[in-house]
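Chains here go by letter, A, B, C and D, matching the order in which they are written, and residues are numbered from 1 within each.
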Amino acid sequence: MLTFIGRRVLYMIPTLFAISVVAFAIIQAPPGDYLSTLVAKLQAEGEQVSRDELQALEARYGLDEPFHGQYWKWISGIMFRADFGQSFQWNRPVTDLIAEALPLTIVLSVTTLLVTWLIAFPIGLYSAVRQYSVADYVATTVGFLGLAIPNFMIALGLMYFMHSAFGMSVTGLFSPEYRDAPWNLGKLLDLAGHLWVPVLILGTAGTAGLIRVLRANLLDELKKPYVVAARARGMGERRLVVKYPVRVAMNPFISTVGWVLPALISGEVIVASILSLPTTGPLLLNALRSQDMYLAGSIILIVSVLTVIGTLLSDVLLAWLDPRVRLGYR
Amino acid sequence: MDSVIDRRRFLAAGGLVAVAAGIPGCGFFSTDPGTDAGDSSLDEDARESPQLSERVEKGELPPLEQRLPAAPMVIHPVERAGVYGGQWRNALIGSSTTRLHYTLAYENLVRWNLDWDELVPNVAESFEVSDDATRYVLHLRAGMKWSDGEPFTADDIVFAYNNIVLDERVTPNVARTFTSGGVPAELERLDDQTVAFTFAGPQALFLEDIASQPSNVLTRIPKHYFERFHEDFNADADGAAKDAGFPGWIDFLTSSTNVSGTYWQQPDIPRLHAWVPTSGLGDGQRLVFERNPYYWKTDPDGRQLPYVDSVAFDIVNDEASLLLQVMQGDIDLMDRHVNTTENRPVLSREQEEAGFRFFGLVSDKINTMTIILNLTCADEVKREIFNNKDFRIGLSHAINREEIIATVHAGQGVPRQVAPSEGSDFYDEQMATQYTEYDVDLANEHLDEAGYTDRDSSGIRLGPDGNPIRFQIDASTGAGKPELIDSLELVVNYWREVGVDMRINPVDQTLFAERRDNNQNDGMVWDGDGGVDVMMVPYYYVPTFTAAGWATQWTAWYASGGESGETPPEPTRRQMELYDELKTRTDLGERVELMREVVAIARDEFYLIGISSALPGYGVVHNRFRNMVGETFFATNFPYPGATNPEQYFIDPEST
Amino acid sequence: MPPPNERDPLLEISGLRTHFSTREGTVKAVDGASLTVPRATTVCVVGESGCGKSVTARSVLGLIDHPGKIVAGEIRWHRTDREPLDLAALSPTGPELRSIRGREIAMVFQEPMASLSPMYTVGDQLMEAIRLHKEVTKDEARSMALDLLRRVGIPRPEQRFGAYSFQLSGGMCQRIMIAIALACDPALLIADEPTTALDVTTQARIIDLLRDIQAETGMSMLFITHDLGVVAEIADEVVVMYLGTVVERGGVDEIFHDAKHPYTKALLGSIPRMGAGTRQRLTTIRGNVPHPSDRPSGCPFHPRCGDAVPGLCDVEEPPEVVFGPARSARCVLHAMERSVR
Amino acid sequence: MTNATRSERTGKQSAPQWRLVWWKFRQHRLAMAGALVTLLIYLVALFAEFLAPVSTGTFDPEYTYAPPQRLHLVDTSDGWDLGLHVYGYEQHRDPDSLEPSYTVDESRTIEIGLFVKGEEYDLFGLIPWDRHLIGPKTAGDPFYLLGADRNGRDLLSRIIHGTRVSMTIGLVGVTFSFFLGVVLGGISGYIGGRADLVIQRLVEFFMSIPSIPLWLGLAAALPQTWGPVQRYFAITVILAMIGWTDLARVVRGRFLSLRGEDFVTSAHLDGCTRPRVIFGHMLPSFTSHLIASVTLSIPAMILAETALSFLGLGLQAPVVSWGVLLQEAQNVRVLATAPWLMLPGLAVIVAVLSLNFAGDGLRDAADPYKK
């Protein structure tokens, strides 16, 4: 297994190199560059644009350098000095911005993931075992509704409802006074008070998808002969279902669980923007839209590193979980 | 029972508890947020804020007399004398810093008065202009101090001009404000409080230009702070810059003296503003500015301004959440992003409950929709068609403006061409209403006269090359102007009626600007500025600025003094000469006469097609927020809210 | 092989009806089957596929697939020290039946490879069977498992213990299934066509193994098969089923040499004989097995029976004609010769 | 037993696979309903012009933000006469809040008829026709069954026309992704070794490509002479090149597990070529999963379209699609004063639900193991 992992890590290098080059190029695919995008935005909002002052910044941002020059400056910074470059919009090192947004993003993603798995597993299990029962129909329909309703509709609807019904504003993860306060119980409670909104919204779609796939796989497995054989040995129904068919039905998840890692960082974009959550999602969206190339490039690079690691993780997990793959009989 | 599922769930749940419990901090179990909102005192005759008097007693601050200049600037409150205290709750969308310098940094040498028709002294106590508009003498206020207590003298202006504006290492090209005929003005230091600018040629609009900038460079570069980063003053400027986290001294100066650079990230830069930053922009989701103890303005009773203790900007990502915050009364003053015609009903419903009122914003917009046919279009055939005046008149008559007003603008406004608005003294009845009658026959007549009589099978008129007249109008998406596309959709039908096939091309904001600047589009729609500020924003009457986008090749000719671009037709050249001459006349009357001639030519040439008069804008202000003007201007060159003296706003504790 | 005797019954199935209610109507998979398994005896249930033999076997342990249910009849289970228990009355998911499964009655299935989960080692599944019903520590269970593997003739049990089902041959997996079944020394082993999926040589070895185990433990076996060759090999008594009912019962020699029911005769006629030359004519039964939910009236076999008497066989339900202890057939022809019991 | 089930039964033994699937599918009531609704939606997309009372551009300044008109059957004003009709509205606008409010104007009854004469259009772009399924008897009368949008345009007509774009625009892209996913996933899972390595690296590579700037870049790169719909279509096809990664992963996982199954080895021993083994034997064994993913990808396509319009990247006005309609309804003013403008969201939900139920039913029906 170790040689397998070793080889895969070696292959990561060229992949990551290719990703970084392409990602950096694609970020500049939209017309113009950071400054021209900024000028267009300011003009649209009727703000005064002093072209001369902005021109002065061009040299500072290195926008006049050729593509490979910019890329080399960025990559060499990362590799030799762990300096991910400067964000033009915020005029601050990229590492600070990401470090600031990361903890909340991880808290949000992990909570959403846990809530999704805690809800989806029992329902998926139950609706597979009790197929075509009333509960199965209810679970699948609620699941589909969660899948069918566009996320941003729920987000906006919920935000407006909270306002009109309770006069509460659910935007952001903290109420204003706690925003920059040091961490204490009050801040934690306040966070919990706000966290349930995005978790509910992001959770619905995830749960629905999970229920569907789990139910489909479980139905395949429940009919297999080893289930009847185990029952013939006198095993309890619930224990039997969990130990055998569920274990096999978990397989597809394992092959995609590796990608939970990058999702932890990139986080959700649209709902997070609507709710103004200080997570990496909106940070990346704004960076991509304004071509803040070093910030956008760095986030994408980190996400792709995690994707590659995630893929490796999935393969290792798949092998560990499924002996048929591990022993790789030919 | 050790089935896989239970173990994993137990681990995850356990992990969460550990994280929560593991958070260090002795006061962990306290729930107080730690930031105390300032308390407002009711002591009427205090001449400075209680916060400051406390610090004076503690010896941290010199007494008020030593902090104020000999002759502090007196600001007359709009309603009544204010009360010290309270926090102004404001908001920013994303990282745009422009809102900061429009709101807090409008402390230039001179500024506009509230009615935007006269220059008044500000940092400069008084100023004299020579008859031939080549020499400007400015007298500063003796004893005025930066926010760190250091004296503000003529040396700061000299350093800002000679070592920042003119030093091409720091600013590659000098701003047009300070040049005449390409030659930068010379600055003399007459004494501690007096400087004089001398231009090579006449530069009539020099002070108007400074007053129109949200934050002019001359009054925000404290010499004592920046000189150690300038090579000419400190040999080891690079070392100092590196300590401050910048690669080199040029990088430091370029970025920190630039309002779009890191100026707002460096709270320690001394300022002349009413409030100074406590933290850099982006250090979290909130930005708080506290009162400047050395602020050099007082109210008529000699009480030091500003009344409000601090200004807090909440950084938000999305208009919808900002609107909800305004509707809940959590924002004191808002005039951007949410004050649209579309949101008006929702805001007026919440008015009583959330406790806010509306105030008027006279818009400098020249029209609700300016339809721009690219007169220097790259495509020869289209250029010939667009330059045909009868064609443009025909298209104008074909538009049912009343219907657009009723449908898209909720019945607000009246049919109008692209012309000075009623409020401005350049208003010309004929120019504003010519060819606005909705008359399809007259339209067809003009189009026939234009020479495009025969049509193809589907009724589209054939152009000079025999092909049907078909072109695309670019419309910018994402620019927050959905009404443009709505109106344009109606115009598509009107023009099809008279045999012209126009299609809308919805394009992203940046691409829209690029296609405009590189002369790649057939035409575009925009609302356009210069309805009130006709003289300072002439480029919808005469093509002197590429961003107007209706004759970019002529603009290139004008900007390059004839080397590049294409020679514009005679009347347009005449307009350009008139405008250049105008810039040399110090006498306002003469300038107005010249501008009238420029506008008259624009009327006769009928370059652009307009739809209806600009909509009266509105802003939202909380009832507890006093001394706000009932109406003000919303224009590029009128840096509102800075121009309405925010230092005299105050928060009335009773009516919270 | 001990002569069949009624005196000491271990399992008595009487009048068992297991029906599947589907949208197209109720499928009467087992419609009034009765048979008895005495102690230390091997009873073979034989019949074409779809005659309900498998469902009968699974009904004993309540392992009927959805939507099947036992609608009538009794399955009396005689235990040594306690009075008999009617398994049909127990709820399939209840604790009572669950305590019997694997401990008193064990079962072996047709597809050995698919009856073991690919996710766990065979050793792990074997130990689980042991620890389900016995309070033993892991080590004790492990040594017992290794003994079981040796008992069922698996070479080098230590290596095989950690192997997975897909790494072993069909025969090897079946031996492991047998080991699992024997884990708690059951009184009855139900084998649902255990050798059908195996090649002939492995088949023979598995049958020898079962026979040795039976001899050693005195365990009874209910052996389901459609292969009369296997019946001849292993059976003490034979039960012939057709369309959900038992058409003939008897000792293995009585059935093979003196078959009474036309269907049994037809079945025996369709087996190739050794030495009967290459061009022997095998008799085939005309038509094919009707769908259980579409039962012919009267005797279910009458449409395909050579000796069917029109007006009689297709009208009356054939009575059970008893020829002796554990020897009967359900056919009108014999009824006429003997007095009906 | 009716003879239908009898013939069906006897035919059962010899029916081809797809008929078996159809018979099982028919039993699943929810799936049948789903399939029916999906069919209906695609029919609406086909006959959009005929079904919609008016075209998407028709507007009426007197009916901006007008609420849905109630359809009455019985006119009790004078005497008692039958006939579908609605009442006109009286618009008055509050000068301060600029909000239009409407009172029902009983005096103005608008007769509603079926197959009424209305605006000219070319059915399927060929046959010039002017009949509309439902609409005001006298053309041009205001008829807003589901209310009007901010420019007084009929929401019902716009939803109907939006169906055409939203339900079809992504199909080619989705099929591309599906095809690539299955083929590359299959090869990588079955052959393994170097092919698997290269394909997996490709998966990782494509997965990390940010799609937002790609949207912006492609929108700019494609020729401007193309209309917005053609440009959107071209971009979905191009993005399909990087959309196949998820499916490829799942297919690879399945192939890795199935590779050892006996029926695969035996098919190999029978001398089948590799493609034959992959597509003839291995794929059918988990068609149920593939079908589930296909039926899931179409609703995902619809949701993606709405999300892209929301971000201002995908389709924009003046194109009419569910995404654009939803984007226009995505503001607080609509939520507070004109909630009926959220109805296109309902259309999205119905379409996604019916597709999912149909897919689920198909999945169960095509499952060989299912009794």
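Criterion: a residue touches a chain if its C-beta (ideal position, glycine included) is under 8 Å from a C-beta of that chain, and two chains touch if they have at least 3 such contacts.
From a predicted model like this one, the values you see are computed outputs, not experimental measurements.
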| note | More contacting C-beta pairs: A-D or B-D? The answer is A-D
| task | Pick the chain whose C-alpha centre of mass, unweighted, sits closest to the average of all protein C-alpha coordinates shown. | result | A
| request: Would you kindly say which chain has the C-alpha centre located farthest from the C-alpha centre of chain B? | output: C
| query | Which integer distance in Å separates the CA centroid of chain A from that of chain D? | reply | 26
| Which whole number of Å gives the spacing of the CA centres of chain B and chain C? | 91
| query | Between chain B and chain D, what's the gap in Å when you average each chain's C-alpha atoms? | reply | 44
| query | CA centre of chain A versus CA centre of chain C: separation in Å? | reply | 55
| query | Could you say which residues in chain A touch two or more other chains, in rising order? | reply | 30-31, 156, 160, 224, 247, 322, 324, 329
| note | Listed in rising order, chain B residues that touch 2 or more other chains are 320, 324, 327, 478, 508, 510-511
| task | Indicate the residues of chain C shared as contacts by at least two other chains. | result | 65, 166
| For the chain B and chain D complex, residues of the former touching the latter | 319-320, 323-324, 327, 341-349, 403, 406-408, 410-412, 472, 477-478, 482, 485-486, 488-490, 492-493, 503-508, 510-511, 515, 520
| task | Enumerate the contact residues on chain A facing chain D in the complex. | result | 11, 14-15, 18-19, 22-23, 26-31, 137, 140-141, 144-145, 147-153, 156-157, 160, 164, 209, 212-213, 216-217, 219-220, 223-224, 251-252, 254-256, 259, 270, 284-285, 288-289, 291, 296, 300, 303-304, 307-308, 311, 314, 318, 322, 324-325, 329
| Can you list the residues on chain D that touch chain A in the complex? | 30, 197, 200-201, 203-205, 207-210, 212-214, 216-218, 220-221, 246, 249-250, 252-254, 256-257, 260, 288-289, 292, 296, 299, 303, 306-307, 310-311, 326, 330-332, 335-336, 342, 345, 348-349, 352-353, 356-357, 360, 363-364, 367, 369-370
| note | The residues of chain D that touch chain B in their complex are 57, 59-62, 64, 93-94, 96-100, 150-152, 216, 219-220, 224-225, 227-228, 312-313, 316-319, 328, 330-333, 336-337
| note | Seen from chain A, its contact residues with chain C in the complex are 224-226, 228-237, 244, 247-248, 321-324, 327, 329
